[in-house]
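In this document, chain identifiers A, B, C, D and E correspond to the written order of the chains, with residue numbering beginning at 1 in each.
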Amino acid sequence: MQRIGVFVCWCGSNIASTVDVKKVAEVLKAEPGVVISENYQYMCSENGQALIRNAIKEHSLTGIVVCSCSPRMHEATFRRTAESAGLNPYMVEIANIREQCSWIHKDMEEATEKAIILGRSAIAKLKLNAPLTSGESAVVKRALVIGGGIAGIQSALDIAEAGFEVDIVETSPTIGGNMAKLDKTFPTLDCAACILTPKMVDCAQNEKIDILTYSEVESVKGFVGNFKVQIRKKARFVDEKKCTGCGECMQKCPSKKGLNDFNMGLNTRPAIYIPFAQAIPNVAVIDPEQCLKLKNGKCGLCAMKCNVNAIDYTQKDEIIEREYGAIVVATGYKPISLENFNEYGYSQYKDVVTSLELERLMNAAGPSEGHLVRPSDHKEPKVITFIQCVGSRDTSGCGKPYCSKICCMYTAKHAMLIREKYPDTEVHVFYIDVRTPGKNYDEFFRRAVEQYGVDYVKGMVGKVYEENGKLMVQGADLINNEQVVIPSDLVVLAAAIEPSPTVRKIATMVTASIDTNNFLTEAHAKLRPVESPTAGIFLSGVCQGPKDIPETVSQASACAAKVIGLLAKDKLKCNASVAHSDETLCSGCSVCANVCPYGAITYVDKEFRLGGGKTELRRVASVNPAVCQGCGACTVTCPSGAMDLKGFTTGQIMAEVDAICKR
Amino acid sequence: MQKLNELALEKAKTLLANGTVARVLGWKKGELGYDLEPAVFYSESDLEGFIYNAFSGANLSKYLIEESKKEGKVLVFLKPCDSYSFNQLVKEHRIVKENVYTVGIECQGKLDVKKLKEKGIEIVDGVIENVDDVTVISLGKEYNFVKEEVLLGKCSVCEKHLLSYDEVISLHDKRTPKLDRFEIVKKLEAMTADERYAFWKGELSKCIRCNACRNVCPACNCLKCVFDNDASGIASKANSDSFEEKLFHIIRAFHVAGRCTDCGECSRVCPQAIPLHLLNRKFISDINRLYGEFQAGEDDVTKGPLTAYTTGDAEPSEVFGGNK
Amino acid sequence: MDKLEQVKLVKERSGTDARKCMKCGKCSGRCPAYNEMDVKPHQFVSYIEKGDIDKLLNSKSLYTCLSCFACVERCPRGVAPANVIEAVRQEVIRVQGENKIQAEKVPEMIDETIPQQLLVSMFRKLNK
Amino acid sequence: MQEIKKDYKPLIVAFCCNWCSYAGADLAGSSRLSYPAEVKIIRVPCSCRVNPTFILKAFQRGADGVIICGCHPGDCHYTSGNYFARRRMSLLFSMLDYLGIERERTRVEWVSAAEGAKFSAVMNDFAKTVTELGENKRLEDLRCKN
Amino acid sequence: MKKISCENLSKLYSEIASLQELYLPVKESGVTNYKKYENGAEVDIKTLKTVKSAKDFFFPQTEDMMEFKVNGKNIEINDARKVANPFVIFGVRACDLKSFDILDKVFLQEPVDTMYKAKREASTIITLACNNPEQTCFCKTFGIDASNPAGDISAIIVNGEMLFEAKTEKGAELLNKLTCLEDAGDTDADAERAEIVKKSENLPFANLNLDEFKGENLMKLFDRPEWAELSKACLGCGTCTFVCPTCQCFDIRDFITNEGVRRFRCWDSCMYSEFTKMAAENPRKTQLQRYRQRFMHKLVYFPQNNDGVYGCVGCGRCVQKCPQNLNIIKVIKKLGGKNND
């Protein structure tokens, strides 16, 4: 006979204000099998947990039902509570009476009734629970970091620091990411290269870190602690081990008309190139679309010029297979395409640029070597107008509904830097709001206004048009209640940022969930912000949501800490909720293996007693509990019902259905 | 056609005699001329009861689950439709293929005893079968029928052909069916929901839950059916409520979906003449329409449509097609 | 009519949710008739949200708005200021005797450069 | 068409996958986006865990509508579970329709963990649809009704 | 004797139905079964054998027995047996009528099955002679006269008229109430009956030899090797048992309702693999054992315990309905004795 304890949580007023918690506890106490039913203000608090622990011991409970918040919130907490009182942690069921009841219903009577039904349903399920124990699997002590921007670099360095091996896979020929393109960084105005390049060098020199640039993740199989990953190392046509990065080849290459991605396409580069001077690895790469030798076989100048014979036109893509215990996704961001914003004339006028392009224009290593000139005629602009929120906070469908978070600060930075270097330049900024939460951020912005005299106009720009060689920026000045037109030489658009386009593919491969904006979803916004809901997958940097550099670096380190915590374990407790085949029912038909995404099901010939001394050899399914992740696909495909899922058995789910449908 | 019987008998005798097989799975003569029963023959004298004629409608493949596990090889005669079931069972590892000697045998459709009874024939003294017509001799009288009048429902729309076997006995090309297999399914789909409900209510309320459909079905080969297993939560012995009629037939059809070869045995054996094959055919027709043409049992390796998917599959909200 | 009712009607007819406005002013930044308007496009949205309809009913902007819908096109939040203006205008001209143009007087306004379309839309906008 | 009682409230069973839709329901809760209390959620690891018998069983027990919610195709936590669920439910729903059972009583929706608003909207809409259909008569079990 | 023209039978049905509930063979969705008479029903008295036999009236396929209402931790037990209202069955053939005797031996013996008894007493049975017995009929083997079944009222069709004769008081009472009937006067009933007897005599299985099926042969019969061959094709379905008018096995099962538990009984079949499943063991593991049980019961055990009355009435339903054409005739021919060919 089961002895069930029911614990109804008030969650302060979160539940208690709409659900009559005392009544719920009282009604559920009358359910067959329930021996004690309590209510308390905060079940998850130490006192609440103590109450549960005491009840388990005092009443020799065989299982408990906690009516509280979502199991996604505190199921683990209460399982630990139960375990500490000597109960199997899987003899705990949660009735979600907060997120799925008190928070969405207003009528007390209705909500209370529903809470009781949800409680009954949990009791019905619990009655069929069986104590579960989880198996164990070994952990591969190596991490994969997907993306070599500042997020990936920081995570990799921290993981390597703890003594674990890390591979960085980066699609472009160098690590560094977007940060490498920046000139200065807010709010301290130190040079991006000065703080980033030492970290890049650290990566290159760290024995534990293997950098795979110009590479892409091809497939991910396996599960936490045991991922099997295929990485495509694209042919770069230059032997990485031989190339010294002398740059001789770049000089000689006759095909020099390639757009320089690193400079946001503001100038050109040769077909064989090193993205920038401090690139890691400092190794050339040939753009096969542009190289004359690769395109039509005529040229080969670079190979002739190369002193170390590093050029290899026959190089092929290479597939590398490695095993990892953990995967960090750090795929970063890119500015959105501005094709939906014709009103700002980005595609019409050369002198309408994005902020990231401005970074390159102002960067000493950029196309104009740090002299701020406008792209059209290379003259110094005298009036510069910034437009904020281009595509951010846009629910019309043209842009992104979210705030890109970094634009207010970098625009203040740009305005300030311009006013400092070119004091006779007029700078206007059209803004909706200036958002500067962060240490020393608002002070920074105020400096731009107060110390550098940047003109902030509260209002948005309606259109940009050309008149007499000037870019006329027409917008509203909501404070002065007038429409203004500012003749400008350069217009800078703070384009919204979006997750890197590769993230969807990666998310699918690692089965991480993704939100409507293509940002990866964290397991919990507050409790598990750097983990994906998929075990073993961690999130670093902007792939999870817009972030500036300080935030990215701290998240990357947090992420590394989680990875280290995982890799430090020799064995992982497996999921206890795994499929299980009842061999007396299994006819070995193989349909279950056909639907198993993890290859967890194999078949064995097993001897069964038939009675009367006879035996029979029968083919039956066998589930590897270390590999099974507990999706349950097999249970439904099995016609005889031989396959069941522990923790979510057919019986349990049907009992829940029955309980819910009782009117 | 009578020649087929002689050839089959000859084949069985030879293979038994030369030790290729230890026994023969075939059809045995009955008491009324039409009541053939599946049987295993061990010797030449046993084979006196053997017959292959217009009443050899029973699908023998399911018996091989047991027979192929016994010692020695078993010879089986497989009509085209039976061989699809055979392949499907091999695919599901239910038949030990190495222990079976398969002989494909020509079939031009088998006769429906119920239809003959409606024509006044209660006992059969002899039958002369041609490709397109058949003459039945009963109590001294001869009755000639065009095949369509008296064929089993499953045979009148059969498009199946002989697959691959150890040997084949065939004298004529397969006759092409004159009816469309999905005609009635389409007709039902074209009805209103109320009309469909009324139709199925009439049919399914006849069900006496004798399990003949399930037990004869080669796809229903579970060691223990969920409906017999109290732990399954849906076990039941009788339709105590009209709900249970539906539950049983929906779940049964669902469990064999993508595995059902459309052999038609379910409808042949139903004592209450419920057109059960129309449920399976609905699934087949949906599968063909939504996921591409698929014939279960065409081979013994291809994954079934319910254990496969494509990322662009239709959404459940858009599967209803043209029906009302 | 009750003021509250009138505000509700205008909101309904405009089909726009003024609460979605984030007060960026892009509508006014884009408006080609901005300088002719006493109440600006963004203010229409703001006033209607606050329930202050009197200012709008008496506004000159009702007749200076070109109905070019640039404000609607540009709004990043899917708010439609022009629809609000249109809805308020309907409130005014639907009242008996509030037609702003008499058909008899049209011929004297016509010159060759006025497109037919303009006449039609003028009637639609200014008359019941 | 049956007559619908004035204060008729349907009973709706929603099977939600743990990773996306159940989290979406939680988000609807934490965003205070209401939907009728008649909707009761059963947590399953994945939409592919939903056996057709659960759905029929729910109807037998007195449910008037059953909805299955899973991750969007391509986003399944288990890679492919919802693809299998999609095929199974497509065929099952089509079969129910073929038997003349109101097709509006069953539904599959893909709701991600980020779509609290969608979850609430879907449940409101489904509850409305089922309310309009009235009591489930064609898949009921009289023994479960009093 | 009373009579009515066969053309006016619907008047008769309406009149009986206006007095009591009337059940009779009705063709629905292509098959004929006993149904409650309703206006416009397609009554089918041509078909000799309804798919399901007439035993359903007294021993229906499912039947509620009791109900447990669970309220919190309390359980309340209620009687769920239905009250049997008087009803009339029309068109019962001689074989089915005989089956009632056999069922009576089972259900009316102490302890009496109250559910069965109540319905049995509530019934008025109108039998109908078989003008055209079928080839699969072998009631004569069991000494049944298809031409003259009794019941409460016996009916026979002669020259396009249906003639009625009361056989019991209950029957006479009903017959007297029926205004649509007229007095029959002199009839050719006897001649028609003689004709039927002659037809029955000429049926292929009219005189099967049952000599071997005797109590003293029990063990010998049990061990006959032919059972293997006879049962080989058996699918283990319940068709034969469910269409059989004399099979009387049932199972008692619980259904969990929203309020508690409803306990009901329903037909079971000895052909089912789990028929004899018990906690420790299932003594009949093979289909051969189960198949043998069914026929040993009908032909040996039952007569042994019931003064030689066989548990078969020769209706031939199983002969027609077995999916794989196994049937009792094949068993009798193989094991019943000489001259069975």
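Operating definition for what follows: a residue touches a chain if its C-beta (ideal position, glycine included) is under 8 Å from a C-beta of that chain, and two chains touch if they have at least 3 such contacts.
It should be emphasised that the depicted structure is a prediction, and the values quoted were computed from it without experimental measurement.
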{"item": "Minimum number of chain-to-chain touching steps separating subunit D from subunit E", "value": "1"}
{"item": "Chain whose averaged C-alpha position falls nearest the assembly-wide average", "value": "D"}
{"item": "Most widely separated chain from subunit A, with each centre as the mean of CA atoms", "value": "E"}
{"item": "Two chains sharing the most C-beta contacts", "value": "A-D"}
{"item": "Most distant chain from subunit C, judged by the mean position of its C-alpha atoms", "value": "E"}
{"item": "For subunit A paired with subunit B, centre-to-centre distance based on mean C-alpha positions, whole Å", "value": "54"}
{"item": "Between subunit C and subunit E, centroid-to-centroid distance (C-alpha), Å", "value": "86"}
{"item": "Centroid spacing, where centroids are CA-atom means, of subunit B and subunit E in whole angstrom", "value": "30"}
{"item": "Geometric centre distance via CA averages, subunit D-subunit A, whole Å", "value": "30"}
{"item": "Residues of subunit C touching at least two other chains", "value": "none"}
{"item": "Touching two or more other chains - residues of subunit D", "value": "52-53, 57, 61-62, 74, 80, 84, 88, 143-144"}
{"item": "Where subunit B touches two or more other chains at once, by residue number", "value": "226, 232-233, 240, 306-307"}
{"item": "Chain-to-chain touches, reported pairwise for every pair that qualifies", "value": "A-B, A-C, A-D, A-E, B-D, B-E, D-E"}
{"item": "Sites on subunit A touched by subunit D in the complex", "value": "70-73, 96, 98-101, 103-107, 110-111, 113-114, 117-118, 121, 507-508, 511, 513-516, 521, 533-534, 577, 595, 597-598, 629-633, 635-637, 645, 648, 650, 653-654, 656-658, 660-663"}
{"item": "Residue numbers on subunit B that touch subunit A, as the complex places them", "value": "91-94, 221-226, 229, 231-233, 255-256, 303-304, 306-308"}
{"item": "Complex contacts: residues of subunit E adjacent to subunit A", "value": "70, 72-73, 256, 258, 281, 285"}
{"item": "Residues on subunit B engaged by subunit D in the complex (per definition of touch)", "value": "188-189, 193-201, 226, 232-234, 240-244, 246-247, 250-251, 253-254, 257, 279, 282-283, 286-287, 290-291, 305-307, 309-311, 313-317, 319-320, 323"}
{"item": "Contacting residues of subunit E [partner subunit D, same complex]", "value": "255, 257-259, 262"}
